[in-house]
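Multiple structures are listed underneath, in structure tokens.
In what follows, subunit A forms one complex with subunit B and a second complex with subunit C.
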Partner chain A sequence: MFTYYLQLGLRSLKRNPILTALMVAGIALGIAASMTTLTVMHLMGSDPIPWKSDKLHYVQLDNWSPDEAANDDGSPPDQVTYRDALALMEAAKADKQAAMFKVSLPVQPENPEVKPFQSLLRATYSDFFGMFEPPFKYGGPWDRRQDAEHARVVVLGRDANEKLFGGQDSVGKSVRMNGVDYTVTGVLDDWKLRSKYYDLTTGAFSDPEEMFLPFTTAVDLKQRATGNNSCWKAPGAGWEAYLDSDCVWVQMWVQLDSPARLAEYKAFLDSYVNEQKKLGRFPRPLNNRLPDVKEWMRDQRVVSGDVQVQTGLGFAFLVVCLVNTIGLLLAKFTRKAGEVGLRRALGASRREVFKQFLIESGVIGVSGGVLGLLLTALGLVAVRALYAQYKSVASLDWMMVATTIVLAIVSAVLAGLYPTWRACRVQPAAQLKL
Partner chain B sequence: MLKMTHLQKVYRTHLIETYALRDFSINVREGEFVAVTGPSGSGKTTFLNIAGLLEEFTGGEYRLDGVDVHGLDDNARSRLRNEKIGFIFQGFNLIPDLNLFDNVDVPLRYRGYGTAERKQRIEESLGRVGLASRMKHYPSELSGGQQQRVAIARALAGSPRLLLADEPTGNLDSLMARGVMELLEEINRQGTTIVMVTHDPELAARAHRNVHVIDGQVTDFDDEPKLRREPGIGSRESLQAESVSP
Partner chain C sequence: MEIRPIFSALMRSKVSMILIGLQVALTLAIVCNALFIISERLDRMNRPSGMNETDTFWLGSTGFGQNFDAKSVQQADLQLLRSLPGVAAATSVISVPMSQGGWSTGVSLQPNQRTSTASTAMYMVDAQGLSAYGVKLVEGRDFKPEEVVFRSMNDRGIPVSVIITRALADRLFPEGGALGKQVYYDNEGPPSTIVGIVERAQTPWLSADFIENSTFVPAFIPYGSFTRYLVRAEPGRRDEVMKVVEQKMIEANPSRIIGRVRTIEQVRVDGYAGDRAMAIILGAVIVALLGITALGIVGMASFWVAQRTKQIGTRRALGATKFDILRYFQTENFIITTMGLLAGGVLAYALSLWLMHSFQSPRLPWYYVPVGFVCLWALGQLAVLGPALRASRVPPAVATRSV
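On to the complex of A and B.
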């Protein structure tokens, strides 16, 4: 009977094209409004590295002022000091660890046809590549020995390699930045990141850096961070004083492969901070944290309140559209009271009438869903055009496509429940001149 | 086939009780052709609605083909209606956006027949009413008489034991009416019981038996079924028509 009711539903759609168009358009608009905002919110907050997000932990140490917390909610600073980062790297207590900061360097291409340009780089450790798993097109990362040797090496992003070497395999070639030559050890492929979760301090949706160089090398060459730099007391004059200060400007990640390793590392951090307290640092109560990727994203409000409000409004609009659809379905099904009476007289039970009309509502839902999907895609194009920072999260994935269709069908069926129930209550004798 | 005993149908509001049928008794035997007559508002329609299981009754007993229908749930009533009863309406009641084939198909769908059986039954019943060549036509392309023939084909497709007809010729001119009446007589001769409500004394006279209803009660009836020319079902020898006086 399902196929039969499906045929009847399709036929019914054709019978009243204007009414049908109004219902389908109503559902499609509601679906598009809600799904456009939901897609952005979903992708913003989605797990960027689901296979190991619970193993990657961001290190927070509370070295802040005794008089006030670093953040209003009492949480520790969002970054660590250079000296703490260095101490944690040297202790190497995690399975993998990578301190990092962002730098900006002038690039002087060998190719005279390419003009010099300013490039953003990430100064980090070789473990970064094993932890965050960017895909390599050529070569690979530098190694820990090169970290220790402050080697002049670099990993190029795909765009930088395209710009400097025309996309060719540039492993072993040299890139001159700020008067220093760096040897290319690897070239990344297209690294599709929905959010730049490894550094949320300078915008969650900015592009990954164009190149990567060893943390130790950047410090060696006295490259200052271009990201946030917060101090609760003056750092003193000179580069060494800056490195030795309580200013926070380094992001520190560790990979801990099991809950036991996490517990061990927490204990290690507490022990480290207690030791530092003996040296007169860390005046605040012990407040170390090790959020994993998803916790860190929540903590940093990657999905902003504005986006949540917009999503709420999108769904409110869907409800309005559904109320409208309920009215239209009521009108449609009321007009079919005679047919309902006839079908009942010819042997249809109330249950069969209910199924028929619910499937008809479902047909409207599928139509609304397909149109809604197209409108959602258009809506996301508009979001990308209006908000460049959301370009990585304003696109449909298969899950959102499926969600759109399911939401449309569920919405239409919900909207159809009351009119269908009313249709089932039709007294056949009242509709037929017997 | 259809037996109502002391049947009662009361419409109640908080102010008033209206008796649509009062102590209504009738017994229609298998193979009979019974005409139900009476003035407007006498209760003919209520009787036919209850007989067709489209309406509940408030008292008395109703047995359809031996089944006590009182207390049956909606599914059971629908199944019984689908299997035992065919309806013919004054206004034809064809679904306008279904072609003749699909119109006749409607009750068969609810019966749960397979595709091949449905096709065979539809073709046979449309052939029986002389419209086999117009299966793909829509009701609006037919005359009133042809539409009523389609309705009869639909009623017959499921091989019901009982046909309930409400003024089946009421919307037809005399020529078409004669054709439809002849078709009903032919169907009855082949064994289907028919109960027909009509205002037309000429049509009523062609039935085996007349039942006259006034104020929700059977007031008059022929207790002598008319002699039939054809032997077999419905003939004087085999038919013991009976109306039970209230």
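On to the complex of A and C.
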């Protein structure tokens, strides 16, 4: 029976090609608008490291001015001072810990055919690699001993290795940056992140840095961070005074493998800050925070208000398209009252008629879904063109493709329910009179 | 024209009427709010930065090695840049308006004030600074070459002479007379004197609540071995200068990288990319929404016309003119649209309240909804015109046919 109804449905749709096209286009446009915006919002906010996002915690300490909070909502600064980061690294109370900041260095390739270029690097600790799990292609991270020794070592990203060594295994080779030679300990494979969640302070959608070097080495070479630097009190003169100041410019993450460890670490932070208060620092009330990855992404508004508004409007638009389709289907099915009457008179139950018309709406749904999927792909191309930084979040994955199709069919069937129900209530006798 | 028969006819197809009305209501609510957001974004994008954007570009220079002498390189670079044909002015800078990155600080009227009086962006320039930015000095004087201070990132202190924007001057000294007054950029350091006031120079941050508060400081502060230069070309010669600048600078000093050679026009485009994208996306939603709603009305009206062909024929046979039939459908559409619009008006303000509550957006100005009414009435009348004309052409003879 299904194939027969399908044939009937297709024939009926062919009879009014303009009306059918209108309905399919309506569903497709509604689906495309809602799915394009939903895809961007979903991927922006999606958990970048689902298997351990609740174990990675961002450290926030409130070392701000006694006279005003760091942020209007009273939350602590979004970075920590160098001296606090160093103290927490040395205490090593978490299961893993990594302080970090972004630096920019000129790279002077040995190969004379490669022009010197400016490179962004992340200065961090060896634990970074165990915490955020970038995939290695060759070699591995440097070790804790090298952290302690301020070793001149570097981990190359895939692109940097491509540029400098043509993609060869470059472990053990040396890279010259700003007059200093660094030994390559490892090369990353392609590391695609939807959001650069480990540092949200300078835009959530930039690529990971091209290379990684020890935090201690960068500080040793007096490399200033290229990210944000905020001070509530002017630092004293000189590099040492800057390191010792209350300026915040370091991001600090810890990995805590259980809720008990989290509670312990929280207590440790509180006692650390209380110790510091005795030294005259931390003039504000105790306000330490340890948001996990998802909480931190929410705090930092990784999914922007604009994207939320767009998604809301996209779905409102889908509702309008569905209302439109309901109206058109109603018109169409009402016109077929005669046909329904005839079928009913010949013995078809209401159930059978219902099935027949629902299949017809289903056909519209599938066609609208397929067209909508194509339009969604186009919509995402447009989003990538409009927002250069969204390239990692404006692409369809299988889940979104499936969601699109399901949404389209459910929408069309929902839209078809009322008109179908109306069509079934036709009194055969009334329709058969001449 | 009697409204009553139209009304009772409508009551017989309530659901269709409600569907069209609902569609009109949602359309009105979304279109009003989307248009308002678009107009806000356009206003934002049209704010003047205060600087000459058409003839200017900037570039970065990063030297190699720990022994790189930023100061002497900067002197040589500026000399070179200023000697290039077509260059009107050049200065070393740390930031430009709309670039979203830079230096900000608080300004106070008293030393050791607990909270600062105003926030300001800091633009470090040399004696050609105001000229390179192309900002307009409205009071006081420009910097003198001997006032320009060299300091490293790790040094402290703000030079004794500063030039501020009109907006910052008004904020600090609402009574006027800011010129010549002393202010504190460094709580514990000596004060700086306001020697000039420029008409306008936005901060680098487009969303800052102190966007008009900027301070020009006669200083050169390299970021390690990284220095940025802002160049203003003679009118119409910017692209010509940009083409040669990288090569000339590398020739003069090969132990460095020249990068990020960008026009200030491009900086503006990048800075406002999000606002532009939002305006375009909402514009597309509005067009699609109006299109769908219009097509929905056409479809429904066509269906009604087809359904009532016989009734129309009867009316024609009983003496109704073509115009009467046309008017019947036009009036019917007007009634449905109006009911939808009344609901839509409420919905539009509700949506605006939600946007205000969730996204801190401003209130929808009252006139958007009445204007939306007029537009959707017109859209409805246009959409129904085709089916209504078709109806008016139904011949009276139809009434005499039985099936």
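The working rule: the second predicted complex is superposed on the first by the 424 of 434 C-alpha atoms of A that agree within 3 Å, B and C clash if a C-alpha of one lies under 4 Å from a C-alpha of the other, contacts with A are read in each partner's own complex, and residues count from 1 in each chain.
Definition applied: a contact is a pair of C-beta atoms (placed from the backbone, for glycine too) under 8 Å apart; a residue touches a chain by one contact, two chains touch by 3 or more.
Remember, it's a predicted structure, so these values are computed and weren't measured experimentally.
Contact with subunit C, but none with subunit B, is seen for A:D306 once the two complexes are overlaid on the shared chain.
After overlaying the two complexes on the shared chain, residue contacts for A:A316 are found with subunit C alone; subunit B is out of touch. Contacts of A:A33 after superposition on the shared chain: subunit C is touched, whereas subunit B is not. Put subunit B and subunit C next to each other and count what each touches on subunit A; the higher total goes to C.
Once the two complexes are laid over each other on the shared chain, residue contacts for A:L342 go to subunit B alone; subunit C is not touched. Common to the subunit B and subunit C interfaces on subunit A are residues 434.
Remark: subunit A residues 1, 4, 11, 15, 338-339, 342-352, 427-429, 432-434 touch subunit B in the complex. Note for the complex: subunit B touches subunit A at residues 45, 48-49, 52, 54-55, 74-75, 78-79, 81-83, 87, 89-91, 93, 95, 97-98, 106-107, 109-111, 154, 158, 164, 166-167, 197.
Here subunit C touches subunit A in the complex through residues 15-16, 19-20, 22-23, 26-27, 29-30, 34, 37, 60, 62-67, 114-115, 153-156, 186-189, 223-226, 256-257, 259, 273-274, 276-278, 280-282, 285, 288-289, 292-293, 295-296, 299-300, 302-303, 306-307, 355, 358-359, 402-403, going by the rule given at the top. Looking at the complex, you find that subunit A touches subunit C at residues 19, 22, 26, 29-30, 33, 67-68, 104, 106, 108, 116-118, 178-180, 221, 223-224, 233-239, 241-242, 304-306, 308-310, 313-314, 316-317, 319-321, 323-324, 326-328, 330-332, 334-335, 383, 386-388, 418, 422, 434.
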